[in-house]
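The chains carry the letters A, B, C, D and E, assigned in the order they are written, with residues numbered from 1 in each.
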Amino acid sequence: MPVEKSFEPAIVAFCCNWCTYTGADLAGLNRMKYPENVHVIRVPCSGRVNPQFILRAFQKGCDGVMVCGCHPGDCHYSTGNYFTRRRFMIMKRLLEYNGIDPERFHARWISGSEAAKFRDTAAEVSEHVKKLGPNVKYREEFRITESAEAGT
Amino acid sequence: MSEKQEKMRQCAEKLLRDGEAGYVIGWGETRFDDRTTPIFVEDPAGAGAFVWNEYAINSLAKYLLDDKYPDKKIGLFTRGCESRAINRLLKDNQIKRENVYLIGVPCDGKKSDRCTLCRERNPILYDVLLWTPEDDPPPAAGRFDRVKDIEAMSPDERYVYWGETYDSCIRCYACRNVCPACNCRECYADMSKTGFQGKQHSRSDNQIFGVTRAFHVGDRCIECGECERVCPMNLPIMGQTQKILKDINELTGEYECGMDATSENYLGRFDLDDKDEFM
Amino acid sequence: MSRIGVFVCHCGTNIASVVDPDKLIAAARELPGVAYAADYKYMCSEPGQQMIKDSISEHGLDRIVIASCSPRMHETTFRKMLKNTGINPYMLEIANIREQCSWVHVDKDRASEKAVNLMRMAVSKISKNEPLYAQTIPITKKALVIGGGIAGIQAALDIADAGHEVVLLERESSVGGKMAMLDKTFPTLDCSACISTPKMVDVGAHPNITLMTSCEVESVSGYIGNFEVGIKQKARYVNHDICTGCGLCETKCPVKVESEFNLGLSTRPAIYKLFPQAVPSKPIIDKENCRLLKGGKCGICAKLCPLGCVNYEDEDRTITDNFGAIVIATGYQLVDWPSMYGEYGGGRYKDILSGLQFERTVNAAGPTEGHIVRPSDGKEPETVVIVKCVGSRDPNKGKSYCSRACCMYAAKHAHQILEKLPGTRVFIFYIDVRTPGKGYEEFYDQTRMDGAVYVRGRVSKIYEEEGQLVCRGEDSLLGEQVSVKADMVILETAMEPSPGIAELTSLLGAARDVNNWVQEAHPKLRPAETQVGGVFLAGTCQGPKDIPDTVAQASAAAAKVIGLLNKSEMETSPMISAVERDKCSGCGVCVGICPYKAVTLLEIDDRHGAKRIKREVANVNSGLCQGCGACTSACRTGALDLLGFRNKQILEEVDALCL
Amino acid sequence: MELKKDKLTEALLLLRGASNVILPVSNDGAPVFKLWDGVAEPCLSANTSLPPKDLLFPRSEKMYDYNVKTGNISEISSNKKQTVFGIRPCDVRSIENLDHAFLESGYTDSYYKTRRDGLTTIALACTETARTCFCDSMGLSPNDAPGADIVLNDRGDAYTVKSNTEKGEEITRLWKSLLSKETGKASKASGSVVCDFKARADKDLPEKLVARFDDPMWDKLSKACLGCGCCSFICPTCYCFDIGRENHGASGTAFRCWDSCMFSDYSRMAGGHDPRPSKKERLRNRYLHKLAYFNLRYGVTLCVGCGRCVDKCPANLDVTRAMDIISEGVRADG
Amino acid sequence: MESTAKSYRLATEYVMSRIGVELVEIEDWNCCGATSAHTLSELMGIALPARSLATAELKEPELDIVTGCASCYARLRLAMHKIRTDKAAKYLIENVIDMPYEARREVYNFLDVLSREDVTEAIKGKIKRKLEGLKVACYYGCLNVRPALITGAPDRENPQSMDAIIALTGAETVDWAFKTECCGAAHQNDAASVTRDLSWRILKNAQLSGAEVIVTACPMCNLNLEMRQDGYRKNTGRSSIPVFSVSELLAVAMGASARHIALDAHHVPAAKALAAALRRSEGGVAI
């Protein structure tokens, strides 16, 4: 068996434009370091994140998913994140109920000034997901069979 | 039994004869004694086709969506479960109350697994009540029992449980088509081009259908159990929606859908003091 | 097939020292739809932009991906650049490979790999982009100012002076607000009425201002530039068109009720002016207390009026008007301390006054003509206790916030007592003394020099014994219990938003904070705006503040309004929600979710089979929608989608990450 | 020839040595076709709730991989050998019908053909019928499966083995050591099974149906229909599919998967127009396809009378009602 | 209740038996640990009352609990509240007391019971003579109302329930400021001077507000307010003021004789004040 390359997870972070995306930019400005495997998708508001995006991410091969927005009360659009909170309180539980490991999905409030929190969250999620290994649950079938065939 | 059946036929006949309703939806017989099928009677003379027995199981409310803009009222035999479904449709702005004539028929329980969770035998909404209300069944202990059973499993066990369940799903969408909470003009699952739902029959896509549908109806489910009754593969579909209901109950207290036509759905509103786990 | 151009910026060495631009270029060329890829040292520079423009015409590109710094930095720059290239400015995506890649990673290979991922995500997303076009909306050149206190007066005057029409709306029968009730203003001690009444007269006389007193907002629809507001004109029972304000009617009215203006310290008739300097200086009849209107026999005022102004048949009316901008200036009220502080007697003791009651007492035009006397027996007090932070900074019983103005007016009250009744002993119980303002600290110092005794601690109980008020509390500096026998106690109570603020803000779609103050759009950078376009904020409706701050904010709000009304039309962002009516079933879940009331149900003509029918679908008002997308996530069927962030665009990004 | 029942496991193991064996096993008492693991007891008491059509026409099937940058396309085909054991006469006929559709009239579906060539069918004649069965009304017999490679008939303690094809002969050779001479008398009534229920499938049914294309009866018949795809997906002869793609950057995979003519998106065209806008048109199309169109094209009725749709329909619709109405000329509400 | 609060007990029994209420003593009850236990250990402070409550729940599952003592009330009520709201505490406490306790029934103080509509009605019917003109300061004690989260008392500063009960006797209650002020009973022994100051100012405010007698709803309060009066007299030069329990006034109004309810057991002579009032109203009825 060939020596396996150490597992690098693919993590997607849906970040609202006004708080978390700004916080992530600030982390850059401050030259903070976090793992390369966290990729930000910019959305106007965490309320824009349709829970179905999360399913799609797991299906297509993401090993971890984050949804980040402004703290409740600070939403640029005043109430968007209150809906986010309800949606993902329910969705997170539903995902876990369906067998997705709790550590693979995280929702977090990160403000535009909380660069360190963004860095820490990215590092923490990355580390957890790395420990769990590649996600196979909800993965697209054809690709799994393909890689399985390629492996044998 | 036959006395009630007679009342139903008389009521339907009168409605049709007086022109109060364009047609009446009820149950009619099939070639098997232990099965009925929904029938739609327009002719007063045909009212004799309605039957009322322990096999009058199918919920009729969803048929109202086939005829959302009727010229005359639609008569509908309405039990507890139908009435909650109608509240669902009213709340979702899918039908107009003045377009239906609800003939209340308190239910005596049917020979169906879907009735085991029933808590309202009597219609909570009707225009006429044909006979005295029945006693509601004792509060179903363990409304969420099976959800608890699944919650007790490990994540991997849960994945296997649902994975195997969805392996046998044939994606016939009977669950969706019978569900009063599934009242979209067009289901997201019928629009594979939008990218949310693949058409392929794979565990992954089946699971995504299951979870997405649960999320779409979870805070709106009236727990009528029709989805499970119609499933040709006997899948525990309500095990998903009830999970959401259970969580909502735990997060904000007593939550039940279809008890009125105005309460906002859980995910359609928020509370500043909602529990927060995302700090 | 789209023709995508990918441009990789080095940002000097900011990007190129960590991320290998060659790798990005090579990877980009492998991607479907990419027709051209190039890199440059500074894409945002003049030559960089020129290079992009040249490539567009040379390679026939129809959409552009730029891998560079954060889109928050240069998205607008590059959009502007595209304006004259024939490519729609929204056919642009930016891959953030600086702030979110080269600056946060060290390992060059991995960082380059991630940059490739981010670039690929942008390329995938842009393959689903579509041209977007900004709409323009006309602007009604007229402003509505809600609230006729000093904030509303100031805002109205500023807007009117700039040449725009203003309607100033006041719930009471006169403008003036709380400032008209005050005696003197700190720290200069100029007479409040002397500085506010001229402004009141000005708003009454300004050709551009329509004063609407005894009015309330009943309904609001529309959006920035185009509000339609229903205003309820409450019945006044006096025809103000002919009334001269002679005051004859007030003299013989047999009814005596507690005066609101004097906070119960005196009485007024049922036909009354709010106070002598009221603007408009014309009376109204209080229908709750008028004998005739309550069904009894009277009619004296009608008989007295030489002009026949009194009309007992008057009714509430609704007036509808259109406005381009709205200013909320509804002010504050003081908390109902008796219901919060049982330990202060819960309102049982007559000689405990609120700060505002004391203002009326010490005011020469007030019920005691400015004599500081006890309401119970009319005697001058020898000892006065002033308690600060009653209801403020008290999360257990009142509000957790600081009411900001009390420290200063407590000092002012002490000063006034010591000035008018030399030799009086004045004790001020305080938690902290906060004096951030010009001349404030000096004023406080002076008050202490004058003899006011500051005791650091809360008063735990006030009770009456032998005709005096015993104030018990702790002197936390001495660490001892203290007890002061006072003849009069003044409670400097907390401010809270005016009643009705919840209803008004929900009509306007504006948000409130946890304490019910109207929420500003941004606490630092947009303090005079709400998050609703075209709705602005002035004064204490936004939070406790003193007069100078109130006036400053009112002028700031006015400046915003003037800026808006000076335009004849405005551009709206095209990145807003859009409805696919075919898919929409009209369930209406989006309506309740929109914080801007931009989504409504609209009845449209349609067919159902062969039948012509009417059905309801969601409709997005492009003037109101701010593009948050919350509605789109709630739309099960996907009939609502957010332009610029469509479902399929985001899904493409997700897919592209997982290759 | 006959195969003693106590030799059945041995016989199946022999088969398993040569190909995958698919046979009905019990799933909570209901028989379902499964890839045999060599251990599970075959469950042969009744027909399976799902037909074995996915052996030839999988629910989802990869067709080819492609790359849009390079233009490369590589076809994917499966030529696994499979033997299905215990398939009933109706399902055997359904495979014959699928053969018509996929292999005849000028078009050969290569994906189907590869699988079909690799498939051997060992049928088991019915010993009793379910109450929803009406195969003998549809021109086939529960007692025989002439289209199968081998037909077994239950004789109590043994099965008679009849080979119809070369593939069948191969198996009898494989089983040689296990087969014995028929022991004359049948110990259990077999070969004389009839369906209790009769549908009215007269010879001229296709023409009659087509003639009544615009009959109001379709309205009546479809009213209770939920518009789900249950009947299509459990039907042994429904073979509609949709083709989709999974893209991964420049490369991707094309696949096909089952579709149902009862679905609202089935006949929707690119511009949004749908010639079958409501369930009335969809149900009519399905019935006509089963009972008329296929017959007019290939000379056999597509419906094999297995009764699965009658059994499983959530609204308890019954295809035989349409046949009755047509044959008797009665009105739908009569 | 057997010794220092004898008259409170006798009067309570008298009143309750007259209106047909049966009080059942909790079998094997134990000290609630009031005033000291919780300062030593929070757990002990809850476990002690919880044990008595658990016993009551076990032996008399259908009965609510009532106590005539403000301190006991505060402790019992806290235990009930804790069990109902804090699952972790419940688990811990049940382990300590080795008994299940679900807190199904309510814990009331004596005033709650007397204020029940049916009880008030019953008392009304049993009042035989009026204490016309007797000026009463109702002293509720701090722990009958505090902390509000636990007691649910509607008004912590100026409660009215006892005033309403006393009004039934024909006596006149005064508006005064110390209804719920701490009397310091908890520190009678360890900080006598604190207790002294606290109780003196209660006595003083009652007198200055025109009260002739003070009425309490707690034996500890009652004892404490009475015992401090010698010093009070000497130090302030004021006269002493009789202190009764709420039951005593009710009992007297219902016709109990002084001997009946051991009125002579009071430290501060008590019977005289009542006698005067009775004389005023009934024209010379002896007590």
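Methods note: a contact is a pair of C-beta atoms (placed from the backbone, for glycine too) under 8 Å apart; a residue touches a chain by one contact, two chains touch by 3 or more.
Note that this is a predicted model, so its numbers are computed, not measured.
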Smallest number of contact steps required from subunit A to reach subunit B: 1
Contact-richer chain pair [C-D vs B-C]: B-C
Greatest separation from subunit A - chain, by CA centre: E
Far-end chain from subunit C, centres as C-alpha averages: D
Centroid spacing, where centroids are CA-atom means, of subunit B and subunit E in whole angstrom: 58
Mean-CA-position distance for subunit C and subunit B (Å): 45
Subunit B-subunit D separation of Cα centroids, rounded to whole Å: 32
Subunit C, residues touching no fewer than two other chains: 514, 582, 593, 634, 647, 651, 655, 658
Interface hub residues of subunit D, defined as touching at least two other chains: 60, 246, 248, 255, 278
Multi-partner residues of subunit B (each touching 2 or more other chains): 186, 188, 191, 195-196, 198, 200, 202, 267, 272
Complex interface listing, subunit C residues touching subunit D: 30-32, 120, 124, 582, 609, 655-656, 658-659
Subunit B-facing residues of subunit C, complex: 514, 582-589, 592-593, 601, 608, 611, 613, 615-616, 634, 636-639, 647-648, 651-652
Contact footprint of subunit A on subunit C as seen in their complex: 70-72, 96, 98-101, 103-107, 110-111, 113-114, 117-118, 121, 511, 513-514, 519, 531, 575, 593, 595-596, 626-630, 632-634, 642, 645, 647, 650-651, 653-655, 657-658
In the complex with subunit E, residue positions of subunit C that touch it: 342-343, 345-346, 348, 461, 463-466
Of all residues in subunit A, those that touch subunit B in their complex: 51-52, 55-56, 59, 71-73, 79, 82-83, 85-102, 107-109, 137-142
